[in-house]
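Input: a single structure, listed below in structure tokens.
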Amino acid sequence: MKPLLRIVDLHKSFGTLEVLAGISIDVERGEKLSIIGPSGSGKTTLLRCVNYLEKPTAGHIYVDDKLIGEKQVDDKFVHLSDRELAKERAEIGFVFQRFNLFPHLTALDNVSVAPRRVLGLEKRDAEERALAMLEKVGLAHKAGEYPERLSGGQQQRVAIARVLVMQPKLMLFDEATSALDPELIGEVLKVIRELAEEGRTMVMVTHEINFAEEISDRVIFMDDGKIVEEGPPHEIFANPTHQRTREFLRQIIDR
Amino acid sequence: MPEFWIKMWEWWPEIFPVLLRATAMTVQVMIGALIVALILGMAVALMRISKFKLLRYPALFYTDVMRGTPALVQIFIIYFGLSDLGIEFDPVSAAIIGLGMNGAAYVGEIYRAGIEAIHRGQVEAALSLGMTPARAMRYIILPQALRLMLPPLCNYAILLVKDTAIISTIAAPEIMFEARRLVQATFMYSISGQIYLLCAGFYLALTLPLSQVAKRLEKAKERWR
Amino acid sequence: MIDFLRGYEDYLGGWLWEMGIASLATLQLMFVSFWLACAIGMVAALIPMARIKALNLLVKLYIGFFRGVPVLVILYWIYFALPEMGYEVLVVSSYTAAILGLGLHGGAFLAEIFRSGIESLHKGQMEAALSLGMTPAKAMAYIVLPQAIRVVLPPIANFAVGLLKETALCSIIAAPELMLRAKDLASSSFLPMHAFVMAAVFYYIMSFPLMRAVEYLEVKMGKGLRTG
């Protein structure tokens, strides 16, 4: 079986600043990958490149064997049009650190807007599906509420429901709990754990070391735009090989 | 002093209807120009935020010139200048076109600021869900931006009411023009001051309610944010 | 297009000169009115601090009136109405009338700008200054006003651009400035389009640096506020 996600020699520079210096990762179907590292290591940029919110400077990304963000025309690679890119993005789920719910829409509308406007579903069908997803994250009773009346944890769960309703092949989590108050983190991690147990393919950038250890199949430690170390969680966390990994973990755990 | 008031009282039936009609004309021109500005302004704004330099730069230049030259000059160019080249407009049409084109620059800026004020994260969330930029604009950005734009648009409406006074110079039958004509035709010079004060009153009758609306909108915007 | 430019042939030299001089007059008119408006606005903004109800009301009426009435009405009133009503002693030159009109009208706008600038400062600033033992006056002078000035610079620069454009209206009361000259040249040459387009170019040249200054200030002051 070919890997669901293939990142091939990815480079990204902002002006003269090189943020990703040649990243290559394969993620198998159903695999849970966690990426950890200090700020500035490029991990968020890496994630944002996968759904092409950032355009890579070099390298390629394949989801389910399909090239993302570009297409091959004869020998050259050409950027996709907005519509083609939108189609690709609909199959990749992205959960933001700051939720980014749409404040002018209720929770139900937030979750149903994409099925209606992207997939073209009828309002009733879209809302049915949306309600089912809200049920799944435990927030069906808040369907009529606006984001400003929801706690951070609730907002993030709605954001996850919003992604789930599109039935993505791949789910990306960009520090999904970093913006939450400590007592709200648990409810979100619970939802993510359930998703993991369903066999979804997930890539998570996170600071939650314990959680990462619990649900990941593989952990990657990044620093300075490069992969420093990767391996199964118990190896990385218990017995890191590299000095930098050790230092980073020591800082995090001492917190 | 009492003489003045007596004279005002005498001539009231002559003065008031004239000014009232003129105010109606002022309102007409203002609404016409507003509509032109709102529509044209949207085009300008979309060009300003477009990715294509070919659309951005002309819109930028247009906005800069409209905002950098007096409305009076613009209206004179449309009314006197174009007639020199063979394109004639009646004063009211020239006024609506001139003030409307001028307004499009201001309104365009209001639209643009409103759109850009919407947090980038919203846009990214919409795009990540598979919306094209156009869809994101329509369902996510514009609905929110509209609420932000209402107070400044209301303020612009107030400015527009006051700007209509300019068109008295091209003999459009609005408040200042009619007032002056009335004074000169009937030799009411001794109360011309009061008449102009009355004109001010009519303008205030238009702008004060708009200010109240603007204040309410501002408060509503605060609450909603 | 070429035909149009050809129309300038006979006039270019003379017009450039005349409009150039008139532009200087415009700038002078704008400059003087600006400071008058600043003075009036500053007074109107600071009077409420004295907390005298009658004065507060007066200021409110002043601001409300002059912000809701077109500047043209004010100009008419000062220049036409006063002499026509028989107040010979109050007759002023068109230049003075222009300055008074623009100044009075502009003062109301600046008063609003100053007032909201002062209010936008965190109340904590004043409180902190007072707890350190400063009198309200000292707190104003050393803490509040210096910060308020940074906040109000962009809107004031914006006001200046508006003022420059308002000078064109003074042509209606025959004040010496660019628009009046343009009208003269237009009627004497029977080329209104050429005359007014050239006038527009001169106005644009005058307002261009101001508009760029506004943009610069908006960026600079915006950054400063975030750290404060």
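The letters A, B and C name the chains in turn, as written, and every chain counts its residues from 1.
Simple rule for what comes next: a contact is a pair of C-beta atoms (placed from the backbone, for glycine too) under 8 Å apart; a residue touches a chain by one contact, two chains touch by 3 or more.
This one's a predicted model, so the numbers in the text were calculated from it and none came from an experiment.
Asks: Most contacts: which chain pair?
Replies: Contact tally peaks for the chain pair B-C.
Asks: Please list the single chain whose C-alpha centre lies closest to the global protein C-alpha centre.
Replies: Closest to the centre of all protein C-alpha atoms: chain B.
Asks: Return the chain whose centre of C-alpha atoms lies at maximal distance from the corresponding centre of subunit B.
Replies: Farthest from subunit B by mean C-alpha position: A.
Asks: Compute the distance, rounded to whole Å, between the mean C-alpha positions of subunit A and subunit B.
Replies: Those two chain centres are 47 Å apart.
Asks: From the C-alpha centre of subunit B to that of subunit C, how far is it in Å?
Replies: That gives a centre separation of 19 Å.
Asks: Please compute the C-alpha centroid of subunit A, do the same for subunit C, then give the distance between them in whole Å.
Replies: The separation of the two C-alpha centroids amounts to 53 Å.
Asks: For subunit A, jot down the residues that touch at least 2 other chains.
Replies: Residues of subunit A never touch two or more of the other chains.
Asks: At least two other chains touched by the same residue of subunit C: list those residues.
Replies: In subunit C, nothing touches at least two other chains.
Asks: At least two partner chains per residue is the criterion; list those residues in subunit B.
Replies: none
Asks: Can you list the subunit B residues touching subunit A in their complex?
Replies: It comes out as residues 119, 121-122, 124-135, 139-140, 143-144, 147.
Asks: Which residues of subunit C touch subunit B in the complex?
Replies: 64-65, 67-73, 76-77, 80-82, 84-86, 161, 165-169, 171-172, 179, 182-183, 186, 190-193, 196-197, 199-200, 203-204, 207-208, 211
Asks: Which part of subunit B faces subunit C closely enough to touch in the complex?
Replies: Residues of subunit B touching subunit C: 64-65, 67-74, 76-77, 80-85, 158, 162-166, 168-169, 176, 180, 183, 189-193, 195-197, 199-200, 203-204, 207-208, 211.
Asks: Considering only the defined contacts, which subunit A positions touch subunit B in the complex?
Replies: 51, 53, 82-83, 86-94, 96, 98, 100-104, 113-114, 117-118, 159, 162-163, 166
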